[in-house]
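See the structures that follow.
Common to both upcoming complexes is chain A, partnered first by chain B, then by chain C.
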Partner chain A sequence: MRIVFKTNYMQDIRPWKDGYQLSLYMLLLVVAIAAPWMLDDFYLGELTNVLIWAIAGLGLMVLTGHTGQASLGHAAFLAIGCYANIILIEAGVPFMIAFPVAGLITGIIGATIAVPALRLHGIYLAIFTLAMSILMDDIIVLAEPITGGVAGKYAPSVGVFGFMVDRWGTPNEFYWLTLGVVVLVTLGYINILRAPLGRSFIAVRDSEVSAQAMGVDISRTKTISFGLSCMVTGWAGALMGLYAGAFNNETFSVVISIQLLMMIVIGGLGSIHGAFFGAIIIGFLPQFLSISKEYVGAVFGGSTVAIPGLEFGIFGMILIAFILFEPMGIYGRWLKVRTWFELFPFYRKDMFKRQKSYLKTERLR
Partner chain B sequence: MSLLELENVTLKFGGLTAVDNLSFSVEEGEVFAIVGPNGAGKSTVFNLISRFYDPYAGKIRFDGHDLLQVKPSGVAAYGVARTFQNIELFEHATVLQNLLVGRHRHRTTNLLSEVFFAPSAKRQEMENREKVEEVIDFLDLQAYRDKMIAGLPYGVRKVVEVARALSTDPKLLLLDEPASGLSVEETADMRWWIDDIRRQMGITVLMVEHDMGLVSGVSDRVLAMADGAKLALGTPSEVQSHPAVIEAYLGKAS
Partner chain C sequence: MDNLQLLISGLANGCVYGLIALGFVLIYKATEAVNFAQGDFMMLGAFITIGLTNTEYMGLPFWLALPISLGLMAVLGYLLDRFLIRKMFGESQTSVVILTIALGFVIRFAAGLIWGHEPQTLQNPLAGKEIALGGLVLGMEDVAVIVVTVLLTWALYVFFSKTKMGLAMQGASQNQLAAYYMGVPVKQVQGLVWALGGVVACVAGILFAAKGSVDPSTGLIGIKAFAAAVIGGFGSLPGALAGGLIVGVIEPFASRYIAAGYSQIAPYALLLAVLIFRPHGLFSQVRSKKV
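This part shows the complex of A and B:
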């Protein structure tokens, strides 16, 4: 077992535990940067997709994982970010300005929507956001002059620091652009989590009453959380639009919202790692299924025709399995495995068991 | 002027009068206890001070401020901290994080400086840590610093709640049944701590407690309540021997 002796406060404040951990993450970053030279275009495209999903997952993680507000409507914010980005670019705004602004617009819209949503808890908030996601579809169709309606829009190539970035033309540059956004968002997220704001998110999630008693303004905190979450989701949406190349009202359907929520639940709520693990699952599952289907077809004979709904069926089953057997997601399982090795042979089965607490004071409100 | 003043406070839930025309004041530097049978309205008084409930009538003043003018989150800003009867900690955070939430009212950084973790944010974190470590030392929580609340034993959670309240650097500490569910030894510890909180830190303590041993051991004055109204107010021994109090607990001798 590796024991880190703490001799000064910075060891708790800085994001990494010790040099060993830092070097692991640096290694991961180097591998990520070098990925275009190690993968062919197809897998690089898939990896880019995973990273975009990870950004969206980080966005939703702020709101659902850390502030405890379930949202089934984040596809709506993906759409807002995507359309805002493309519309600004079409209006002649350079990408380097259009992209951050698209996120800001989404964040402001999200924070505004949060105001009526503040009074809602749990399932009611989920229904509210679900309705928002369904509405967005219609709004895009109705606002045809701006959004192109059902015919949709096409994403142009964009310039970043003089480099041409295009999903098909220059996949390497597009990958690095996505990676850059991922790294910046993750760093910002880590910073928030070690500052008072991140702690107030966790406080609101775990106990609103005592958060208030500690001087945390609940509605302000939730609004900020909504805003930040939607801003990051907007960036993911903008990248998704560029990645897809063409999109219309159906690209960002309710299904995407649900997939996003499932993704962070499977990955592990309340952790940055969870967003990434979930994105890997959701990004590679379709590929994994089609590959294994071919394999099954080749070995046992049988048709290789697409089975409708197979992907969602498997996804649903994975989700059910996780909720039943590992509510803390892949990251939670990883922590357990790691603790088991670190403490060997002293790991106890109940170490991560949640204590049931009765008599919550939630009845106050 | 008293630190905390309640003046003719009344609270009604529908037809039930939970707090009935209650007035009392807590002086600076004292330990003031509220006792009474179940349902007497003791915790309701705390929730009124915390602004979770709006009184039907009456005034609540703290340190010259009208508490009824502020939101629930504004009460802490004046220097009132509290614990809860049924522990309300942030379950999926470490002890350290819980205590640091207590420092929230001293936050001076804004969103931008926190996203970039600017030098001001770092400095603030260091200051928060120093303050929190003092509290950890004071309450002997070193062994649990990086532990998740979800796995801690009940007695420790109770102490963490007090620690979190102390981290806010309060003028007035509201303790809602600090000794309920604690073992005899833990109760004895709690007694010394409450004494030290008053003596060393100079914090005024207002507590609700059933354990009469603890109440008479630490408190200067005791308020006995029944059915939302004041029964008796005075030193612990005065209140314990007050006929109305004995009647409320044991019933009338026939």
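This part shows the complex of A and C:
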């Protein structure tokens, strides 16, 4: 096990533990940048999709993973970001301005919505956001003059620093654009987490009463968390719109909201890695299923019949297994595996075991 | 007269919502877990009854199939608690919510696999019969739905407020540890509550399938029923039913008197309004927490 010898207070809050860890992430970044030369267009497109989901996951992670406010309605913010971006572009605003502004608009709307939502806890907040996500579908149809209603809208090609970026025409450029957004968002996220704001998010998640006693302004923290979360989600939505090419009111349905929440649970709540792991599962599960179906069909003969709902069924089972056996998600499992190797042969079975707990009512609040 | 007809059909719909909402509240009241799969339970109960009764499947007589499917759903509810929910002891509400949403996915998938994705109707003895009441023509199913719901709610209300087991369930919900010290067999009580939740869902499913048709995605009306439960106030059985009725009645009137496109928003808009102005529902039982 590597022991970091700390000689300086700054070492406690710097984003990386030591040079070894930093170099690993740099290596990952180099590999990610070089991906277009190593993958064909199909897999590059899939990778881009995973990265976009990861941005959305990071957005939700701020709110659910770090502030502890479960939202079942983030598809609504994906939709707002997507529509804001395209409508601005259609109004003649260059992409480099439209894209950040779309995120800002989403963030402001999110923070506004947070004000009535502040009074709600746990399950009530979940149902509030769920209803919002359902309403968004109808609102898009009703606001037809701006949103195109059921017919939807088409995403144009956009220019970034003179480069033409288009999902189908120039997949490499689109991938790099997405990667750039991912890196910026992740760096911002890491920075917030080590600042007082991020610490207060976590304090609110762990205990509102204690946080308040320590001088954290709960409503302000929650509102900012909502705003930041929605801003990042709005960017993911804008990219999702460009990636899909065409979208309408049904693109960002409530199922997407649920999928997004489940994704970060599978990945591991409360960790940045979790958003990425979850996105990988979401992104590659359909491909994996179709490949394995072909394989099964080849071995046992015949059965290449499409089974409707298979994806969601499998997804549900994976999720149940994770919640029961590994509530910390993939990232939690990875931590355990890593610790096992680092401490070999001193790893003990109950090192990550949580304390026994019993149900405390949330009814008398 | 037109409005009265709308009211009756709205009430019948509302009763189904109310019954699903009742299932939510029942489980919430006793175990403080929120079962988002309640709508899918209802769908499953309906399909089990269809599978037993309809002539293209097993073709049993309706009155024989009824207790069997109720029993099956009770067993299913108990087993779910025994093997899934009990493992979540002491976890946050949110993880239970996510678990039950995932469970809903799995149930929907399984039902689609077994019974297909075509909408199906339950063949029942009341089908097609009507009652004429002074110029008002009521479907026999609608009347049956309303009567069964009222009876069931009353029975549950008495059960929770008068019987020893009902009180034990309430106690276990408020503080598991304290209830355990008082000699309440907490685990057993929770298993029974889930079984009861399964039975209520099955009743709702049978009524729903008799009135209209079900397919695997019917369970999604659980979301609307959930809205109903929240409007009525979680933790109050009569409130859940009232919420269901409100949502059920609003729907036909909204689609008649409000422009198309705006009408389907009505229940959710009401939900948001209730959550903003009375966060714990119209008939809530929440007091403030003492730290």
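Rule of thumb we're sticking to: the second predicted complex is superposed on the first by the 355 of 365 C-alpha atoms of A that agree within 3 Å, B and C clash if a C-alpha of one lies under 4 Å from a C-alpha of the other, contacts with A are read in each partner's own complex, and residues count from 1 in each chain.
To be clear about the criterion, a residue touches a chain if its C-beta (ideal position, glycine included) is under 8 Å from a C-beta of that chain, and two chains touch if they have at least 3 such contacts.
None of these values were measured; they are calculated from a predicted model.
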| item | value |
| --- | --- |
| Touching partner for A:F5 - first (chain B), second (chain C), both, neither | neither |
| Touching partner for A:G316 - first (chain B), second (chain C), both, neither | second |
| Chain B versus chain C as contact partner of A:G188, first or second or both or neither | first |
| Touched partner set for A:F161, first chain B, second chain C, both or neither | neither |
| Touching partner for A:F344 - first (chain B), second (chain C), both, neither | neither |
| Chain B versus chain C as contact partner of A:L142, first or second or both or neither | second |
| First (chain B), second (chain C), both or neither touched by A:W37 | neither |
| Chain B versus chain C as contact partner of A:R119, first or second or both or neither | second |
| Common interface positions of chain A, toward chain B and toward chain C | 209, 357-361, 364-365 |
| Residues of chain C defined as touching chain A within the complex | 31-32, 34, 84, 87-95, 97-99, 101-106, 108-110, 112-113, 117, 173-177, 216, 223, 226-227, 230, 234-235, 261-262, 264-265, 268-269, 271-272, 275-276, 279-280, 285-291 |
| Sites on chain A touched by chain C in the complex | 64, 70, 116, 119-120, 122-124, 126-128, 130-132, 134-135, 138, 141-142, 209, 254, 258, 261-262, 265, 307-310, 312-313, 315-317, 319-320, 323-324, 327, 356-365 |
| Of all residues in chain B, those that touch chain A in their complex | 47, 50, 52, 71-77, 81-82, 84-93, 96-97, 100-105, 107, 109, 111, 114-117, 121-122, 124-126, 129-130, 133, 150-151, 164, 168 |
| Footprint of chain B on chain A - complex, ascending | 9-10, 12-13, 188, 191-192, 194-200, 202-203, 205-207, 209-218, 224, 270, 351-355, 357-361, 364-365 |
